[in-house]
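Next up: the structures, one after another.
You will see two complexes here that share chain A, one where it goes with chain B and one where it goes with chain C.
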Partner chain A sequence: MECCDISHQIDIPSGSQKIVLAGNPNVGKSIFFNKFTGIYVAVSNYPGTTLDISSGMFNPENKDNDYVVLDTPGVYGVSSFNDEEAVARDVILAADAVVNIVDAVHLERDLFLTQQIIDMGIPVIVALNMMDEAERNGLKIDIDELSSELGVPVITTTAIKGEGLEEVKNSVDKSKVGNTIFNSDFLKEELDSLAEKINSRAEALLIMEGDPNVAEKNNRQALPHREKIYKKRRHRINNIIDSVISENGENSSLGSKIGHLMLKPLTGIPMLLATLYLLYELVGVFVAQTVVGITEETFFLEIYEPFIRGIVTPIIPIESFFGQLFVGEFGLFTMTVTYTFGLLLPLVAGFYFFLAILEDSGYMPRIAALVDRLLTSIGLNGRAIIPMLLGFGCVTMATITTRLLGSKRERIIATFLLGLAIPCSAQLGVIAGLIAPLGFEYFAIYVLTIFVVYVLAGTILNKVLPGKSTDLLIDIPPLRMPRLSNVLQKTYMKSKSFIKEAGPIFAIGALIITVMQETGMLTAIQNSLIPLTVGWLQLPKETATVFIMGIIRRDFGAAGLNSLSLTAIQTTVSLVVITLFVPCIAAMMTMFRERNWKEALFIWFGSWFTAFGVGGILAYLL
Partner chain B sequence: MTLAEVQKGQKFIISDISDDNIRVQALRFGISEDAGLFCEEKIPGGPVIIKRQYQEIAIGRNLAKNIKVELSQ
Partner chain C sequence: MEAKITLSESMEDYLEAIFNLIKKNGSARVTDIANSLGIAASSVNQGLKKLNQQGLIKQQKYGPIKLTQSGVQAAEKVNCKHQILYLFLHKTLGVKPETADQDACSIEHVLSQESFEKMVDYLIKNNYIEEQSCAFKFMENEEEEKMAAKELMLASMSVGSKAEVLKIESKGRLKRKLMDMGLNRGARVEVKGKAPMGDPIEIKVRGYSLSLRQDEAAEILVKEV
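Here is the complex of A and B:
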């Protein structure tokens, strides 16, 4: 990402004032943004999920100035520990004024960012939000004292009730450069002279705090004062808090009690299992069967596909290459559209909806803490639960979210495991349908095999990959009732961006498959697999076709087994191989894009090798 | 002793965090060397949940092993 200049990313009319909304995660920035602009953006509760920069025009009452308001991802400070921070940093650096949203209940945490922005020399106005929660907790804050200590205006708000939003909106021009921690005894001369040299006080501060990107942009060496400055700032904030908070209630709300129970394994694990069961009922049963039955079968297969074929075939004969390409078995206007919108979109939206509830309620970070131990043994940490859960929806979508993991090695492990051992929802239904009639014994063998492969692969990768995975260090936010409008907005935004990112990949995948089929390559590959399937896996030779079909769409592969007459053992072996063998072509391409080609090839061949290896061993054992 | 050895319900202060980045991130969360903290929960083999006022933070076990603490009282 290009550092420190957001003008390439967003179109901002020249001459307009840039008002930036900044704050820690989950403090209500997006509600302010919606109020200021009337434009919908994602509103979330899991630390740092508004990764796109949202911007909008905004005109406070009686002001002639043109203002542009920008939302930022929630961050605990301005630096570059992760993508969110880099994005927030660049937007804040571009600000003419910052509206800093502060959670009144978490002043110690939130004021660090406030003080840092003040130290950057940017005019600030503080919106002290969540006043309802502060009152409920019996917290007494001296607002005038806080304002005079910080040297900037402070306005109290309760964003969910709309209280104070209007006042903040009409006070943006009252923002002030506050009181900094720098003085003649503390680095002031150094900061001032650097600010003068590079002509930016804000960037000078970040260079003093050792930010490598900002230093590089200014052709300077990052300076080693970060810890000294942070300590001083922390000390200053603790002093401010001592003087503004007069009464500290006890937090014994129902929410905090439930939140605690979610973290204790004895109660937390049953609650997590119940949640997963709900997820299964919602997505696995309701969406996958009822909704997809209507969207895919009734609408796309029975109405849409015949309609589009009817339009195209008079112009381009279906037997021709282009006929096949557009409206053939794997056609761009037929299979790709049906698959993307009829099957995947409902499933993905269902998953995102559920995830948005987990995030908005504050449950997600608690789940991450609870499963952290399991995931550290395979080289991941608790945060990886998000891509792992999403994988059961769509591996392509989950692979994209591996971006949120803390190190490259974690992203490789997660991507590999997703491709290898997580059956996506498109496939799960067909697998369940095939294995259920065989009885519990075979079901157990299947689940156990996949689970063992998952754990072993993770453990081995964790051992052999160089470097070190990052540890869990997350904020556990208070539990809140998710708001339906936020949840729906977020589901909509994420589903839309999934279709935008994954749609073209599915299209290219379909294109490649059609070309391979028309050139006879598909048959050649199928034939070359026969020795492996017959000799090693002890399966009929037609299963080779099924495996290859699985690359096109994971559910095709599994469904193809229906037409073969296999013994119980053969069915189990093929299902294991299909699950392990085939990330669909879209997932394979996403891996290629998210990782580099070397790692992608390693992941593809690694999972093929594992699939046939495990399948063969299983066939031999059973 | 280290944070990993603190028992649930104990009060303590942090005396040393060896990793530079973690130390700095902790400072931002409000955890400085003199801050009084409380062990809210210990997930067996997993993260330690520490609390200061209304702020709760989950710290992975491996990380907790590298954080030195002193019990208060």
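Here is the complex of A and C:
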């Protein structure tokens, strides 16, 4: 593992100060980052939103110094269990100053990390966030007392309203090395001498706490003082809490009541089903049929395409190669544009919108707890529901989210299942549009088939891969009212990156298909695939085109099914095949980056095999 | 009740002496204690210091010595064991009163709760002790204490119950993570709910809600409060 060298990952101009935003998960670090730098990184109401470092510049008033701000994944302690904890640790170790964001409502939990960072000897400034919620809960905190106990400045903030952020921003150079738990009776000499030897007080502390990675990096043995240090730290925090909190109202708001209902079996499961139904109604019915009906059919096919053909054909005849390339059946200005903007964009945006509301409300970790038991049976962890749900938005982005899982094994299983059986929103919309008219029966067959494949694949992987599901330990945040501005901004950002990512790939796909068609390759491939398409899957031979398009992007392939005339059974079979088919090129690249080429290739070929295997069996059965 | 403190033999002797002196004279002074135990006043002072540290006695400088509530309880317990032993030796075995008293003095410090209870049972069966005997009080207290300080695993707690963490038995990174998340000795937890099939469970600890599996909760030893 690489340790403590972050400069190769992030451009940090020399001479600028590194300000690290650190804190427990879900305390508002990313909002701070957004407001400090103007760069949008995702903000949502569940622990583990940020899984990687983001960096940006900012320049406080009246200061000549340039500062680099770094947003980190939330952690409960500076140590390394998994990737994001190691990432956070390395950035904190490299910090010139830490802005420690603390959730005022959960002071008793959060100050433990604060004290650890102070013990590391890093200059700290504490931003006491969520003051609005603290006030609502009737919590009274003596800020001056807290500041003098910790020995560092404390500034109160309400990040969602922007309150106090300017003050924090302009006070970063007032950060201080605070009061540690060490004294002449307690390990001080030991820490000091180790710090001198390895030339880093922060690393010395981590070695004393038994962090094996940091010890190894310094060629030392990890020391066995963790229990002692933790006990003392806990003790100190309890004392501080006793002296700074005067009133502690119990939270019995409507939100917390609903929150409990979401977790109880009797109410939780119906609520989850209702949410999924709502999702289906919104994306599958409203967007996929009504909205797309207007955008694709009415606008792009009836108005836009004739218009663009009208402009292009007088110059380039449509029968020519370039005519086909630009405005032909798979044309760059016709099909690519119509698919991307008329069909897929509304679907993707609708889905992201819905997901953003879910993410902001705090429902996600509750779903995770609710389904943990089910997911452990396929070797996963309740948390895996987060990448799975996000996968319905975009498999590529969800693949990155698998980092929040605790072990390599879980990440492999989740990535594989994402690649295999989770249709992304674009594809899902097309599928919903095609299958809804066929009636409930076919819809059920489709869902059931995919579900069975999903469970079987998970069960097999669970059996084959050594190890077992990691611990759950998920912190359930309070339910919050989704903020419209955040929901819209996130929808916009994600939709934009969808277009950026998918657009060029579509164009390339369109180009390849046109070339293949013009050169006669398409027919040749279609004919050579007849045993597979016609023989095994009992589909018309033209579906081969769909699969070729599906290699590039599954949604692209699914959309291609629109133009074929198929029977109900054929539609269902081809939809199952295209759903289980290989992940799109972008998702493959991400899998390749997140995992490695062996696993990525395994997923790719595994999908071919499963897709055609299952499709054939289904065709035979129906 | 905090009678969980284990006292050394001599400490128990001190307590008993103080208890008896207070009963007899209304107060206990260092010289009296020294006389009744037949030891030097300086060693009595040492002993008193220890008892003070354990919260069993209160003593103003040069003033009379008082027993705290837990001090009274501890003394009563020793005293009671003495009585029962005496009765047992004298009434059932026919040991001479003087010898029985002396032996009771030495055995009382090492007598286990189980033997004590068995002796009481036997004495009751044979009608050697009356209803108001101290033995009943102590048998009852002991029961209550067992009920009150029931140690169990977090996993087996029912929804709505509260407890204090005594020990985390998990190892390695899970343990460290639990500790980072504030689930260490002394933390107060409340079981808020259980998901379908009882797993995972949701607890409230250090002011926030945490969801953890039965397996994980089965490694956390707690004491119901």
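Heads up, the rule we're going with is that the second predicted complex is superposed on the first by the 324 of 622 C-alpha atoms of A that agree within 3 Å, B and C clash if a C-alpha of one lies under 4 Å from a C-alpha of the other, contacts with A are read in each partner's own complex, and residues count from 1 in each chain.
Simple rule for what comes next: a contact is a pair of C-beta atoms (placed from the backbone, for glycine too) under 8 Å apart; a residue touches a chain by one contact, two chains touch by 3 or more.
Quantities reported herein were computed from a predicted structural model and do not represent experimental measurements.
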So, after the overlay on chain A, do chain B and chain C clash or fit? They clash
Next on the checklist: Per the contact definition in the header, classify A:K197: touching chain B only (first), chain C only (second), both, or neither.
Outcome noted: neither
| Is A:F112 contacted by the first partner chain B, the second partner chain C, both or neither? | both
Request  = Could you say whether A:I269 touches chain B, chain C, both of them, or neither, answering first, second, both or neither?
outcome  = second
Looking at the overlay, does A:K408 come into contact with chain B only (first), chain C only (second), both, or neither?
-> neither
#### Entry: chain B versus chain C as contact partner of A:R373, first or second or both or neither
both
Stretch of chain C hitting chain B after superposition, from 5-13, 95-103 or 167-175, is 167-175
Shared chain A footprint, chain B vs chain C, residue numbers 76-77, 81, 105-106, 108-109, 112-113, 226, 230-231, 234, 238, 260, 263-265, 365, 368-370, 372-373, 376, 382, 471-476
Counting only contacts in the complex, chain B reaches chain A at residues 20-30, 32, 35, 40-41, 43-47, 49, 52-63
Per the touch rule above, chain A residues touching chain C in the complex are 75-77, 79, 81, 105-109, 112-113, 226, 230-231, 234, 238, 259-260, 263-265, 268-269, 365, 368-370, 372-373, 376, 382, 471-477
Counting only contacts in the complex, chain A reaches chain B at residues 76-77, 81, 105-106, 108-109, 112-113, 137, 226-227, 230-231, 233-235, 237-238, 248, 251, 260, 263-265, 365, 368-370, 372-373, 376, 381-382, 471-476, 478
Listed in rising order, the residues of chain C that touch chain A in the complex are 173-174, 176-182, 184-186, 192-197, 199-200, 202, 205-213, 216
